[in-house]
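Some structures are shown below for you to check.
In the two complexes that follow, subunit A is the common piece, with subunit B as its partner first and subunit C second.
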Partner chain A sequence: MTGPVGGYAFEFRGVTKRFKHTVALDRVDLAVPAGAVVGLIGRNGSGKSTLLRHVVGLYLPSEGACVTLGQAAAALDAGTLARIGVVQQEADFIPWMRVGQQLRYLSSFYDRWDRVLEDRLVRDLELDRTARIGTLPPGNLQKLALVLAFCHHPDLVLLDEPVSALDPLAREAMLRFLLEVARTDGPTLVVSSHVLRDVERVVDRVICLEQGRVTEHAELDELLERWAEWKVTAHHGTLPQHLPEPWVVQQEGAGREARLLVRDAAGELQAFRSAYRAEVEVRPVTLERLFPRLIGRP
Partner chain B sequence: MIPGYALLRLLWTRTRLLIVAGLFGLVAVIFASVLVLGSTAGRDELIGGLGLALANPLAHPVLAIWPMLPGCAVAAHLTSLLQLPRSWVLPGLQRRVAAPVVILGLLASLPLPLLMAGPVGPRLFVFLLGLAGYAIPFLLLEPTLSPGSAALPIFAVAAVVLLNPPVLAQLLAVRPSTGAVLALLAGGILARQFRPETARRRLGTLAPIGMEGRMRWFAARTAEHSKGARDWTGGPRRTLRFWLRAIDYETFGLHRHGAWWMFFRSAFLMLFLYGLFLGLIDREAGGVGFSFAYVVVLLLTLMYRPRVAGAWDCRPVPRNQRIRIAWTSSLGVAARLLLAIVAAAGVSEALLALIHPPLDFGKVGAELGAMVTAALVALPGMQWIDLRHVYRDPKGPRMLGRPGMRALAMLVAILSAVIGLSFLRPGRLPLLWPLPVRYAVVLGVAVLAQALFYRNLTRYFLHEDLV
Partner chain C sequence: MLIRVDHHSGVPVYRQLVEQVRFHVASGLLAPGEEMPSTRSLSAELALNPMTVSKAYALLEREGLLERRPGLPLVVSALSTRERDAERRARLSDQLRASATMARQLGIGPAEALRLFRALLGEQERERR
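Up next is the complex of A and B:
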């Protein structure tokens, strides 16, 4: 078995991907450490799925190189591919099979298939083994995709919109499971999702894509520490329409009350209070609030 | 909106139009080449064969097959549209498509009566037969009816009537009554299509994806009991053989006896219907039916292509192994095709020998040789079409879409059938090389095409995006 031990799960070295005149990935340099739980966020068409397809070698870069689990992604061997679990955005199963049939069939491709885990996930996610796949609603197809992605204890799991079609209860069960897997098996998890509240609960690192470029790649804690939301109430005097401080990234309101989005401003709090004779309530920001900033939007 | 515009938009795209035009053009070129360049015997056979069928009342029921083809195309497209819940809320959709569907049926049924000579009565009868032939696919493809209530009774009645010359002769003796029944049948089937009650029942009958157009009732009961289903236990066996078995299972596991049953059932059914019915007219006509049967077997083989894309993107199969898997599975399908043809020819001849004894082994051998040669000619084209779905090259065959690919397959099938016929009847068709040279050329082209095909697969799997 090849692959990183304490190294990188996958690396992108100057990867550009063009589809005719569209640049889907633009000189992407990335190195995701093994064991990291990564949130891949970005708007529709920002290149998230394209990036994930490069990781498993389905797409080949127009320029640059992609290395996955220590091998060139374009030439992953069967053993390495079997160490990867994938949930595709649009699950493609064999429609005539029943759920149980599909699980039994696909499990024979992997040497580390865990029947106990399979039983547990099927039970927790309330999947009916006798249901025919062609008749399953989208949510149940997504559940099946999740079961198939995890039961061979992969070292790298790529989840492309894994919970978008799940109901709240199933989503909660899945998120709990992801947290548990991250703690116990310790695989590298890459979760691409628009549901940023869910991403925030699970991941320890965030990669943000916009128009094929990586606009942010940081530890989530570090990211959230750098940013904050201040609720400012001026007791004496008024706040200007546009605060001049360079670390104020966004201002909503003026006069007596305003909400500020600030960056790297922890050390400026006292001085700000004194300068404007204002009361400042510091609130942590959420990934959702931060998202427009991460993709470079005002 | 222009009445019928909705149906035309449903049926015709520019590509399809071009392909159909090309198809008819090719057939016209083949006919013209025989008439202009072919020998006297070839010309006589072509003209005589058509005249024979038109002049012989016993052959008339078989002629209903031709309007059945456009009927199948219109019914398949219409059903796929009317089955969608969305179609229910489109204002006046049913009304807009009803008249054009009927007009198309009338047009499809007209050419044969117009070609016939003689009194109006028999020609009107052939017209009504054609109309019934056009309407029957609507019943067969109707999602609210099970095969037991639609297809089986029709096939049973057809078999009893067509395989029983005295009964057929009796029905033809009372043409006005039989014609009235046929008119009522066609009218009833078409009227049923556009009744609001039928439309309501259709909603909710959407077949599970991937099982459309098949015998769902049968498939649903056999899928989980298929023979292949028992084998998927134990650890990984990532050999070529393992992956080929996996492809086979994914593609054909729906059917209890897998791929073999599919091929043989289809081939036998077509030969039984066509070869035997023509055999009722005379032995020679029944034998000629082999080229038609060959085309059908080839097309059916293409319809059940191996599954190596889609879900396969996520199988732990390296790119370099995919080349061998794709090529070998394609050869596997080809091998089945050859076997199906051989078996079909055997059954066809055996059935014909029952009607016109004795069994002519020399003729069987010649026909078999011609069909296998035709299959060798068609093989590269068939493989290429068969694996079309693995290519994403925008200039590649995927751009034609599914109907386009089927039409292309038909072209390949017809062309190869013509070449096959030239082997069967040397000198009657315009391929005038000596027989050994022709065999050598066919074999050489087949080997070269395989090498090019493999090279093409290698380029694709090593240097292209797979999704």
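Up next is the complex of A and C:
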């Protein structure tokens, strides 16, 4: 099991990363609890991959510090690295090897390698052990990367867009597998994605990135409960163009009917109803609809 | 126990579980003393994060609908007739509240709305016979 100091799988303290004139990460402070299943969401180029690379020490911060499984990420020892699994966006395998050879080769680095799990995953994901790596389509490379990331029962797994190259069936198999791992081994999982619908199903926590900044870090349930959509009907047409209530984040329509995006407003419902003599239908909001808000956009 | 989860509705999944268990308790489909599936097996069956199931169970326990006994599966609490009636009425009210809002939005008055509701009840009654 994970036993990092303070119960965190990894921590970022004031991490900034610059590449020449670009700021890829901008004063990132993060503490991800051990055992969490985290969705790292953001648009392309928002810094997701850069952030994940810092966790394993592949990139070093220009400023600040990363601590992973209780160790400085810049100097992880072999024992700690063996507790981490990584699926990178562009997998880097040895092209002339066959799938089976690659598995044997990489598994030899790990004491905790689980052959039974390997066999099952190879079967479930329909991988051919005799196929040459160099001839594999991107989807199968991604599957191979997944097998390699999980068969040593890691305590921390970082998955960078793990389902982007998979077809819907393989995607489903993959998501089911992630849920099963979360149920059995209980490692910390970080799944980066720009496809919110995939993430929503597996994660219990969300980190939003935009232009290298963390714009939101919260439990998914809490997030969904904090926000709501109100469909408002005021029979006397009393709804102003811009409602002054500070918890109204977005407004479409005025006069008789409006649609509002509200935040932390459950306690305001009664007062609002009587103030505007309005009917209010409260509806839940999906992560997809919230996303622009969570990265600070209109 | 029939539970369905919609991952893209915007309603937190643990809330969906709580609502559906409540409904089954109110309708009597879950009888007092009946054992609930373990967190592990229900999360496996519905392909959910186990944390989601334990969160739902904890809430139902706090509300007094489920009971935990040390080392044993959670069971459905024995509600008094009065408690169960209250629970049933609360479930129906939740549903009707939305209909009441819609009636007002459509400008359908109380008498007309009630007439419609009665007609619908009668229609289903006839279908059941």
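The criterion applied here is as follows: the second predicted complex is superposed on the first by the 286 of 298 C-alpha atoms of A that agree within 3 Å, B and C clash if a C-alpha of one lies under 4 Å from a C-alpha of the other, contacts with A are read in each partner's own complex, and residues count from 1 in each chain.
Throughout what follows, contacts are C-beta pairs under 8 Å (C-beta built on N, C-alpha and C of every residue); 3 or more make two chains touch, one makes a residue touch a chain.
Source: prediction; values computed, not measured.
**Q** Touching A:Asp77, do we find subunit B (first), subunit C (second), both, or neither?
**A** first
**Q** After superposition on the shared chain, which partner residues are touched by A:Asp119: those of subunit B (first), subunit C (second), both, or neither?
**A** neither
**Q** Go through the superposed model and pick first if A:Gln88 touches only subunit B, second if only subunit C, both, or neither.
**A** The answer is first: A:Gln88 touches subunit B but not subunit C.
**Q** Check whether A:Thr135 is in contact with subunit B, with subunit C, with both or with neither, and answer first, second, both or neither.
**A** In the superposed model, A:Thr135 contacts subunit B only, not subunit C.
**Q** For A:Leu220, using the defined touch cut-off, is the partner it touches subunit B, subunit C, both, or neither? Pick first, second, both or neither.
**A** second
**Q** Applying the document's definition of touch, where does A:Arg104 land relative to subunit B and subunit C: first, second, both, or neither?
**A** first
**Q** Using the superposition on chain A described above, determine whether A:Arg53 touches subunit B (first), subunit C (second), both, or neither.
**A** Touch partner of A:Arg53: subunit B, not subunit C.
**Q** Would you pull the subunit A residues touching subunit B in the complex into a rising list?
**A** 20, 53, 56-60, 74-78, 81-82, 84, 86, 88, 92-98, 101, 104-105, 107-111, 132-135
**Q** Residues of subunit B touching subunit A in their complex?
**A** Of all residues in subunit B, those touching subunit A are 207-211, 219-220, 223-224, 229, 232-238, 246, 249-250, 253-254, 307, 310-311, 313-321, 394, 462-467.
**Q** For the complex, give me every residue of subunit A touching subunit C.
**A** These residues of subunit A touch subunit C: 37, 175-176, 179-180, 182-183, 197, 200-204, 220-221, 224-225, 233, 235, 279-281, 283-289.
**Q** Can you name the residues of subunit C that touch subunit A in the complex?
**A** 7-15, 40, 43-44, 47-52, 55, 98, 101-102, 104-105
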